[in-house]
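What follows is a pair of complexes built around subunit A, which joins subunit B in one and subunit C in the other.
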Partner chain A sequence: MKPILTLILKDVSIELRRKESVAAMVMFGILVMVIFNFAIESANVDPALRPDLAPGILWVAVSLSGILGLNRTLAIDLDNDSIQGLLLAPLSRGSLYLGKVLSNLLFILVSDAIAILSVLVFYDLDADRRLLWVALVVLLGSIGFASVGTILSMVSSHTRMSEVMLPVLLIPMTIPLIISCVAATATALTRDAARPSLSLIIGFDIIFLVISYLVFEHVVEE
Partner chain B sequence: MNATSLALSAHDIGKTYGHFPALAGVTLDVARGTSVTIFGRNGAGKTTFLKIAATLARASSGDVDVAGFSVGEAPEDVRRRIGFLSHNTYVYRDLTPRENLRFFSRLYGLDLSDDELAERLGRVGLGHRQNDPVRSFSRGLLQRVGIARVTLHDPEVLLLDEPYTGLDRGAVDTLNMMLDQAVEEGRTVILTTHDLELGLRASGRAHIIDRGRIVYSGGAADLETREAYRHFIQSGTKP
Partner chain C sequence: MTDRILGILTPLALVAALWFAFIYAPTEATMGTVQRIFYFHVPAGITSYVAFIVVGIGSLMFLYSHDPKWDRLAYCSAEIGVLFASMNITMGMLWAKPVWLVWWTWDARLTLQLLLALIFISYLMLGAYVADPLKRGSLQAVVGLLGAADVPLNYMAIRWWRTQHPEPVIGGGEGSGLDPDMYVALGVAAVAILLLYVYLLRRRMAVEASSEKLRYLEQMVASR
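What follows is the complex of A and B.
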């Protein structure tokens, strides 16, 4: 556990110094909200329907800003090929993978928190108990997103145009997860505060995490 | 030589990238506490061989043991006992030398105090720059941080891939001093280089690798070694 914590602290310390990844993710998430808000305003959508659009827009912001963050955090380890230094350390590839997933998840969750607050403001939602369910759905969805995103960012780093390749690989693979998250968020936001079904999302998280953990070794070694 | 007296034992190592054979059956034994240089032209397979020994690449065929542990079966035990340095130093440019060493020492399960970190940095002549961001360092200073990183956990075997590339005179002297000291302390040094004089100075034995095979092995002080180098490395032909 200690090496994993060391990896996370290193990423946080570099991020605090560079202030690149999280700032870019937060700004991008807010911009997505603003653009959708303008689009909805100009389409004269019935104000009563605005909350119904919120789940989809929230997940567009969460997933796109997440991709941006995954690319940025990997860049920390690719600069000066520092990732090779990590691979030379006497820890399992699985521990290295978990460390990177947790770092990415931490950054994604900070950005997610701002995205949830923005969606409250832009789409006239009440900050009540339903918000806790939304936060839980976003947490679980982000775990799956970070799990598969971490390994795919590593795969795409071996290709030319890696920043383009990551969304091309990640979005199709996470579509089932994102659809489940949108549906669960929509359920959580209904007026009668129904309990969203999380089993599918948890299932995706476990599958993505276990498979990525097992294949990470083959991705990082030549 | 029996297995325990060997720092590295490679048997018939092959490595292909797609259809390209980077290594085509390398067999090499290196005794503990010795210093060996592997010469070779660009693309000869030197880096691939060292990367396999350092667990950074997987051999397509053959077996390698380093410090008595199989690279394929006990990679973490191998990594605990090796220090790998290339012309890329693998340190984080956004951190200071002290922060880099603290980070890497924790990955090795070491909890070095500030004084110990300062002492390690002092050994490579970076005592006065330990709190400056590595990003502001010249190539030579960067390599000194790399040397400090590699020797942090007192490895039994040092694998050095073209370590002299781009170094100024001072950094070359620091590296040579470190290599001499490592051999005196009974560590094993395996390095690759293009530079005949630096390579022979640093080692007791020399090997030449060409097209993925060891084509010559001899004593570093032998005149025959210089002749072989001239043929294989400079003219690309057999003597």
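What follows is the complex of A and C.
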């Protein structure tokens, strides 16, 4: 447990000094919503129906800024080849993977929190109990996103154009997660505050965390 | 020897499938002749699923044993799987335009097939862009395994998503009862397309094995 904490502290302290990844993710998430506003404008959406657009727009913003963040945190490890230092450190490949997942998840969640607040403001949601359900869906969805994203960002780091390869690999793979998260968010935001169905999201999280944990050593081995 | 038998059997089966699809099977009552594309559309779809299952098995076995033959199996099967999935989607669109009056609809099965093709196209792209040839095998195996694990989740998510929002797109698809002669034609075509898959896979793996050998020999010569 301790090496994992050390890894997270390392990434957090780098981020606190540089203030790059999270700032870029937050900014990017907000920009996505701004673009969406103008993209929707042409459809003349009834203002009363704007909250219905919120789940989809939230998840586009969350997943795109998540990809941006994964690329940034990977770049930190690839600069000066400091990934070699991590691989030489006395910790198992599985712990290395979990540490990276947790620090990625931390950054993603910070930017998600801002994304939820922005969607609340821009798409006229009511700040009530339902937002707690949305936050839970976002938390569970981000766990799955970070667990697949971490291993795929390591995979794409071995390619000639890693920044492009990550979304190409990650987006098709996370579609079941995105589908379930959008649906769960939409359910949580309905007027009668129905309880969203989370089983598929949790299933995705568990399956991909376990498989990635087991195969991570094959990605980083030399 | 097996390849030679398959090489003779596959074209014969394909010709037989053509005969069954175009002459033996009766013309469908409402859709007319365009329905005959079904005899190749469905087998191509089934074969693409078989191919992607093989990718998953090959990837798992390669990670377990590091025997290059499993990597070759997974990689070549993914190529052919993408080919059959694209055939399936293209033929589906050719059929859908006159029957549903649209090229595409976000129906559960269409969406699933599209996503499956996208996952394995990204798998093939990864293979093409990996910088270090020695790492290609394990990286692709990891993605192949994750992709195969994604297939059932995709299936459940899309089913669930579509029942959440029921959209009356398809009126009486091909599922609702077939003429017995149609079943015969479908069966013959399915066997023919599966034979084609096995034949292509074996030939493609042989080509891949020779090019691996060639690369190895080139390296030996260069290091002299």
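We adopt the following convention: the second predicted complex is superposed on the first by the 221 of 222 C-alpha atoms of A that agree within 3 Å, B and C clash if a C-alpha of one lies under 4 Å from a C-alpha of the other, contacts with A are read in each partner's own complex, and residues count from 1 in each chain.
Here, a residue touches a chain if its C-beta (ideal position, glycine included) is under 8 Å from a C-beta of that chain, and two chains touch if they have at least 3 such contacts.
Bear in mind the structure is a predicted one, so any value in this text is a computation, not a measurement.
*Asks:* Which holds for A:212: it touches subunit B only (first), subunit C only (second), both, or neither?
*Replies:* In the superposition, A:212 contacts subunit C only.
*Asks:* Would you check which partner chain A:84 touches, where first means subunit B only, second means subunit C only, and both and neither mean what they say?
*Replies:* Touch status of A:84: first partner only.
*Asks:* Which partner chains sit in contact with A:221 here, subunit B, subunit C, both or neither? Use first/second/both/neither.
*Replies:* In the superposition, A:221 touches subunit B and subunit C alike.
*Asks:* With the two structures laid over each other on chain A, which partner does A:17 touch: subunit B (first), subunit C (second), both, or neither?
*Replies:* After superposition on chain A, A:17 lies in contact with subunit B alone.
*Asks:* For A:179, select first, second, both or neither according to whether it touches subunit B, subunit C, the two together, or no partner.
*Replies:* After superposing on A, A:179 lies in contact with subunit C but is clear of subunit B.
*Asks:* According to the stated criteria, A:204 is in contact with first (subunit B), second (subunit C), both, or neither; which is it?
*Replies:* second
*Asks:* Given the touch rule stated above, what does A:159 touch, subunit B (first), subunit C (second), both, or neither?
*Replies:* second
*Asks:* Would you sort A:94 into first (subunit B), second (subunit C), both or neither based on which partner it touches?
*Replies:* A:94: touches no partner chain.
*Asks:* Shared contact residues on subunit A, subunit B side and subunit C side combined as an intersection?
*Replies:* In the superposed arrangement, which is not itself an observed complex, subunit A uses residues 221 for both subunit B and subunit C.
*Asks:* What part of subunit B is in contact with subunit A in the complex they form?
*Replies:* That would be residues 17, 51, 54-58, 76-77, 79-80, 82, 84, 86, 88-95, 99, 103-104, 106-109, 149 of subunit B.
*Asks:* Show me the residue ranges of subunit C that touch subunit A in the complex, using the header's touch definition.
*Replies:* Residue positions touching the partner: 63, 115, 118-119, 122, 125-126, 129-132, 135, 138-139, 141-143, 145-147, 149-150, 153-154, 156-158, 160-161, 164.
*Asks:* How about subunit A: which of its residues touch subunit B in the complex?
*Replies:* That would be residues 2-3, 6-7, 10, 13-14, 17-18, 76, 79-92, 221-222 of subunit A.
*Asks:* Within their complex, state which residues of subunit A touch subunit C.
*Replies:* 148, 151-152, 155-156, 158-161, 165, 168-169, 172-173, 175-177, 179-180, 183, 197, 200, 203-204, 207-208, 211-212, 215, 218-219, 221
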